[in-house]
Amino acid sequence: MLSTLWNSNLGWVLLSTMTLGIAAGAIGCIAYWKRQNLMSDALSHAALPGVVIAFFILGEKNLLVIIIGAAISSLIGALFIQWITTSSRISEDSAMGMILAVFYGFGIMLLTIANRSAGGNQSGLDSFIFGQAAAMVRSDVITMLILALIVLFIVFIGFKEWKIFLFDQQFAGGIGLSVKGMNTLYTIVLVLTIVIGIQAVGVILMAALLIIPAVSARYWTQSFRTMILLSAVIGGLSGAIGTLISSYGRGLPTGPFIVVIGAGFFVLSLVFGKEKGILIHYVQYKLQRKNQLQGWKQEVGGR
Amino acid sequence: MNEVVLNVNNLFASYRKTNVLHSINIDVHAGSLTGIIGPNGAGKSTLIKTILNLHPPLTGSVKFFNEPFRKAKRRIGYVPQRGAVDWDFPTDALDVVTMGLYGKIGWLKRPTKKDKAKAYEALDKMGMADFADRQISQLSGGQQQRVFLARALVQDADLYFMDEPLAGVDAATERAIMTILQELKAKGKTVLVVHHDLQTVEDYFDHVLLLNRTVISHGRTAEVFTRDKIAETYGGNMRWMGASS
Amino acid sequence: MSYTAWILLTASLVGLSCGIIGVFLILRKTAMMADAISHTVLLGIVLAFIVTREVSGTAMLIGGILAGLLTAFLVQALHTLDVQHDASMGIVFTTLFAIGVILIATSIGNAHLDVQHALMGEITFIPFHTITLPIIGEIPQATAMLLFVFLVVLISIVAFYKEWKITTFDPALAASLGIPVLLMHYVFMGLVSVTTVASFDAVGAIMVVAMLITPAASAYLWTDKLSLMIVLSGGFGVVSALVGYWIAAWIDTSISGSMAFATGLVFLLSFIFSAAHGLIAKRMKPEIGT
């Protein structure tokens, strides 16, 4: 069973979505503590023009080139968001919403043009909007794997630097860490994760892969290290299980299944999580209230 | 003694997981000007918000003029912290002051010329008439605070709650605001002010409420604002720590 | 009316309704809520389709409103449970959207409800599905729905103008005056939802976000008066819709994509040239105070 899985294309695809989930889970924790959860959503939509230019207009089938196109487009989006926020009174969430939708619209414009000249078939589009991991070939998978491993490597090798950077930027600057450099590195790693994920889960749902595992992990631990590890595990499991389920039906989109599995992990964590889960919280609240009222009674009695 | 205009009975409140207010019992009498004093994190703003039902209490009851909030709301004025709103909002000073009248104007009706005139008068009283049509982001901190005070004035309430109205304002504004507060008091109105500057407490307020998660002491300034009680408020020995953790 | 005139009218209605609603989205700092709702409305439409087994305007509106309110409610609920606000949005909308896509992929197939259509909008088909209304006569279904929604939006905003203003600017004061701040929040989310549903056919789920946010953000750079900002934003919405249509006709491409792109152009021009807050104006006179 295992060997047939390994030999089939599915095995490779499974491996890649799992690695993607792990990488997204890890980097998602950094985005969570930077309080930029929806930035990933804006940037994944902003990648569309780049994808279209590389894939449809230049006719490039090599995933690496498409990823580079997506990354450039997405980075331009990030720069725009930063520029608008810092040099006008437009708030960050408005800027993100604008860039997201305008870039996406531009991508659709290009796509329509490309399709018209290519004979009007939109078959490639679905895989970029909802993700079609099953459509990936082995070389794509290898590209994805390598890039995801690079992302993981960057997150884990600079682990304590990330921690200081997220917790106290001024202190980080004080001990000689370049905050600007860390910010740039963060943006690059985030964009890289997003663009390698697009092929598997699509531009619309990529954000979920970064947000859901991180928030779920938060319910189980107070330690940053454990949170990253846990988030990576949840991301990896969601990726793998979602891919397996979507492979049962013909032409089922991968992204939505991965997201729904992730959401399942989230709900479990929300209810049963040991740090801030609803159950624990409820019990604590009851106890606390009891103590309080008791304390008050004692106080009144003592007077 | 004057009528009790505010009665807080056994009020508890928590913020997220931490308990902020413990067993608050207060009676405030008409015509008093009370400074609410306490260290950072003592729950001063939370107290006001909980009293006004902007923050849900755990238990306890609050009565205004012997009535629940819903019935008394027309007689209550509130001045939030200046930082609580977005000063980039597209509107001018006169318009912000007019907002104080929205409760009285009622649904589906627009502010009339008379309402605008009333708002203008209040701005004038705060020395801000020249800035009536100025966009609010172009006002200095002190000017913004005067606009907020003017807005409280048009509410024409009997009981005012003000959250740090003197924080970060210039000396002239501070004097102007204190003059207004004294006038309100002279008219028999009741004012509760969250205040942070211990130096000025004795000059400004006839009553003081020392707060650190619970009421440490409350009464006439001369009796309450003493070295021992201030030390008890700021000194750390928090009475309810045992119950909270 | 001619085919093109219907399309231009429909597009203008989208621009107007979205432009007006967008002003409050921006000022309430909930711009990304538009993104969230525009995605989850898809689930509402799919469920409405599954229940009624037909594509009817009313069912879609109701399904869309319910989905939008559900989104607002879940986001709020997660936020009170201590999840960061933007993370709550990210979790809720991606999950509901994913469920919508799965439902389409498994139970409906491509029967009339095709995801691409919902995501891209297809304004060129709008004039073909007409209904007959009293007085007005024959009118495309989507245009009629937009007209209705536009009137609802306009009336709600005008009638409760001062309540919208105060709950947006200073919710704490509004609450102390006895104005139901939370109720107004949900009514507003309902308005965002109906506007989104009605605009779906014309511009699709994602480009509607551009129509909602960008004209309002552009208007915000031109004026310091709320009423003027609303008028400008509605105007920019219409201009973007018309310019977008013209670009699309000119280089023969997606109309909805071009409209979203055109809102971006309007913003870029405002960003550079606005007399009040544009880049050039800022360079000329450094800001007085802050």
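Order of writing sets the labels: A, B and C. Residues in every chain begin at 1.
Methods note: contacts are C-beta pairs under 8 Å (C-beta built on N, C-alpha and C of every residue); 3 or more make two chains touch, one makes a residue touch a chain.
Since the structure is predicted, the reported quantities are computational estimates derived from the model, not experimental observations.
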Identifier of the chain whose CA centre is least distant from the whole-structure CA centre: C
Chain separated most widely from subunit C, comparing mean CA positions: B
Length of the line joining the C-alpha centres of subunit B and subunit C, rounded to whole Å: 39
Interchain centroid distance [CA atoms averaged], subunit A/subunit B, Å: 44
Distance from the mean Cα position of subunit C to that of subunit A, given in whole angstrom: 26
For subunit A, residues that touch 2 or more chains besides their own: 89
Per-residue multi-chain contacts in subunit C, two or more chains: 29, 82, 220
Subunit B: positions in contact with at least two other chains: none
Parts of subunit C lying in touch with subunit B, wherever the complex brings them together: 27, 29, 82, 159-163, 165-166, 168-170, 172-179, 220, 223-226, 228-229, 288-290
Of subunit C, residues touching subunit A in the complex: 26, 29-32, 34-35, 39, 78, 81-84, 86-87, 89-91, 94-95, 97-99, 101-102, 105-106, 115-116, 119-120, 206-214, 216-217, 220-221, 248, 251-254, 256-261, 263-264, 267, 271, 277, 279, 282
Subunit B residues touching subunit C - in the complex, by the definition given at the top: 16, 49, 52-54, 70, 73-74, 76-78, 80, 84-86, 89-92, 96, 99-100, 102-103, 105, 107-108, 110-111, 135, 137-138, 140, 151
Residues of subunit A that touch subunit C when the two form their complex: 32, 35-38, 40-41, 45, 84, 87-91, 93-98, 100-102, 104-113, 116, 122, 125-126, 129-130, 204-205, 207-208, 211-212, 214-215, 249, 251-253, 255-257, 259-260, 262-263, 266, 270, 276, 278
Partner subunit B, residues of subunit A touching it in the complex: 89, 281, 284, 288-289, 291-296, 299
